Amino acid sequence: MAVTKNGGAPGSGGKECFLSLRGVSLSFGLGDHRRPVLSEVSFDVAKGEFLCVVGPSGCGKTTLLRLIAGLLAPSAGEVVYQGRPVTGPSRDRAIVFQDYSKALLPWRTVKGNIALGLEACEVAKSQREARIGELLAKTGLQHAAHQHPNQLSGGMQQRVQIARSLAQEPRLLLMDEPFGALDAITRQTLQDEVVRLAAETHTTVVFITHDLEEAIYLGDRVIALADNPGHVAAMIEIGIPRPRSQLETREDPRFLAHRHRLFGLLQGHRQ
Amino acid sequence: MRRRIRGASIPILFVALWEAGSRAGALPNDTFSRPLDIVVAGARAFTDGSILIATWQTIEAALAGFAFAASVGVLCGALLGLAPRLERIVGPTVDALRPIPAIALMPLALLMFGFGLTMEASVVAFACVWPVLLVTIAAVRGIEPRLLELARTLEMPFGSSLRKIILPAALARIVVGLRVSVGVSLVVAITVEIVINPRGLGYGMIIASQSLKPDLMYAQLLWLGFLGWGLNEALSRAARRWPGAQP
Amino acid sequence: MRRLRLVSGVGAALFAAALLVLWQVLADREFISPVFFPTPTRTLAELYRQVAEGTIWTPLGATTLRMFYGWVLASLLGVVIGAAIGSSRTAREFLEPLLEFTRPLPASAIIPAAILFLGLSNAMSISVIAFGAIWPVLLASVHGFSSVEPQLLEVSGTLRLTRAQFIAKIAAPSALPDILAGARVSLAISLILAVVTEMQASQPGLGHNILLAQRSFRSPELYAGIVTLGLMGFVVNQGILKVEERLLGWRAPGQP
């Protein structure tokens, strides 16, 4: 399969895709209390793509991500990863959780947390130092290497989580509203960092957020998920070339057009 | 400062009255010794090493039983805590075995192992396993689910995730159970020695009592009290220094 | 949800049954000497025999009575002393260090001294039981009485209640949950110490029977005794739990 960089052509149904969701539905509860959370979600993700999924709170975005990760199984339909159906979690599909403080090991230092990813991948001890050093540099954590997560700010902790995920050398990076709990400035810094990291490591990214502008800014494509139950309302090609900039891209007419369209879509489906 | 004076006043008063009463002949000599005699007897037991040997024997048995119970308790507790289905199946059997007083098993242990260290340690182990087991189950159940999902995503083999994620995350609460268990180990060891087993401090006290050497018996009793208090203090201090291990 | 509970109930029963079967097979084949590993059937037969012939009731009664006397004594003393200490800060200052030192002392360590004073008698037994069992109730009472809701203290002030009235009408009911919890632990300790002192002093009772069975290598009797003690411990604990439920029904669900 040809390696496509960010901004490459999206997959189309029928061709063997990197990641493919086919008619995925999920309901929770039994009998009378059965509650549909996701309904007939289908889309493809091409290798190297940066896909954003946006939708209001409670529309099932996180559930969708956990399905792709393999932490949940769909009630109907299937998730196909590299041609094979997903039956469980895998190192190849790393997940960055929203509540970073709960996803890091509080008794290990930053280095130790990153090392966990390497230990799991059975990287030889001799090579670990070098890899950790690389990741620390990539995520700007060099000065915090020996600190514990509870000594770090939210943004730094999230960086640690990202570094640990990258230590797994995943082909697919799943991010669950990773910057939702951070302040605006940190959020913008990390947004650019994530785009850069994904490009450098040729990782495919599925990024969940409720922030329209973040989705448009980051993604090659944006999938709008409307709620009750969660279903695909639209798939939009962003078509703004990279590298993007926080200031200029957000004033780009294409950006604004997408914003209008998505806003209308998600508002409309609320009725 | 006033609190300390007040706190010390009662024991000091008590000892003073005791000494005076003994000297005045008000307290019979074969049951109450004179505090001074007790001190002398104690000093002698230290210098000839007898009390130290006895102490070591008691500690040996308590430690052996505790170590075994802690390992079994933590391992099984982790397994049962992680697998609620397993816990539901095994649980009632555990609840049925738990109320059996450990000392009721003393004669059985005697039958199986004869007198000595093994017998005592096994009774201690039976008594100590329950607090550790129950606390570990609760602690493992309360682990942050994100960490468990992380372990799954990293496809860590069970042993690895147990060592690196599950046990460290549950450790603070497990330590509380271990503290209780340590206390239990000492109490049960002493009890076994007093009733059946001819070794250790408990046995020393019974012998002293039977050979009408009350001063030696009181000396050993005070020493035991001091050991128990010291152990408790040490555990409290250690728990305070370990982040998050407060009971 | 009910189906799940039914399935786990069946699973638990099967597990216990499997263990019993394993026990039976191992003991039957005599992998371990039958001297200290009788089959469950022989154990149960022995238990049945004791119940049918009525030989179980005397020792059971003796142990139970000793346990209760010691427990009641410990509870009364514990509540009274605990109330006094808990309601008075000066009393606490004077007595706390002494309590801190005596509490970790194993109750059984008192036995040699108790024998010296009281010989191998019931009095010795009950004093040892009381000494050991008093701590949970005492400490719970101290805690319960010293942590009465401050607003209730104010109410008592405005109503001009005497100290005695305050203790009886406000402090005691407020401390009751703690006291009952302490009493439950005390009862468990009382049972253990009753058995210990029996064994020590060769007094008639369940503990003594177990020891005798060991000396004459009659393992089914030994195991039957252990089972009886386990059952007793369970029943006694459940009993107190029921009493707690009755007396503390006024608590909102979820309150400690």
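When the chains are written out, they are named A, B and C in that same order, and each has its own residue count from 1.
The definition used in the following text is that a residue touches a chain if its C-beta (ideal position, glycine included) is under 8 Å from a C-beta of that chain, and two chains touch if they have at least 3 such contacts.
What you are looking at is a predicted structure, and each value in this text was computed from that prediction instead of being measured.
K.L.:
Using the touch definition from the top, how many steps at minimum link subunit A to subunit C?
P.N.:
2
K.L.:
When contacts are scored as defined above, which chain pair ends up with more C-beta pairs, B-C or A-B?
P.N.:
Here the pair linked by more C-beta pairs in contact is B-C.
K.L.:
What is the identifier of the chain with the smallest separation between its Cα mean and the overall Cα mean?
P.N.:
B
K.L.:
Using C-alpha centres only, name the chain that sits farthest from subunit C.
P.N.:
Centroid comparison gives A as the farthest chain from subunit C.
K.L.:
Can you check how far apart subunit A and subunit C are, centre to centre, with Cα atoms defining each centre and the answer in Å?
P.N.:
57
K.L.:
Report the inter-chain centroid distance for subunit B and subunit C in whole angstrom, where each centroid is the mean of the CA atoms.
P.N.:
Each chain's C-alpha centroid was found; their separation is 18 Å.
K.L.:
Compute the distance, rounded to whole Å, between the mean C-alpha positions of subunit A and subunit B.
P.N.:
51
K.L.:
Mind pulling the residue numbers of subunit C that touch at least two other chains?
P.N.:
none
K.L.:
Do you know which subunit B residues sit against two or more other chains?
P.N.:
none
K.L.:
Applying the document's contact rule, which stretches of subunit A touch subunit B when the two form their complex?
P.N.:
Going through subunit A, the ones touching subunit B are 69-71, 88-91, 93-95, 97, 99, 102-103, 105, 107, 116-117, 119-121, 168.
K.L.:
Which subunit B residues qualify as touching subunit C in the complex?
P.N.:
Touching subunit C: residues 2-3, 6-11, 30-31, 85, 88-93, 96-97, 99-101, 103-108, 110-112, 183, 186-187, 190-191, 194-196, 202, 205-206, 208-209, 214, 217-218, 221, 224-225, 228-229, 231-232 of subunit B.
K.L.:
Tell me, which parts of subunit B touch subunit A in their complex?
P.N.:
So the residues of subunit B in touch with subunit A come to 144, 146-147, 149-150, 152-156, 160, 164-165, 168-169.
K.L.:
Which residues, counting only subunit C, touch subunit B once they are in their complex?
P.N.:
8, 11-16, 19, 35-36, 90, 93-98, 100-102, 104-113, 115-117, 191-192, 195-196, 199-200, 207, 210-211, 213-214, 217, 219, 222-223, 225-226, 229-231, 233-234, 237
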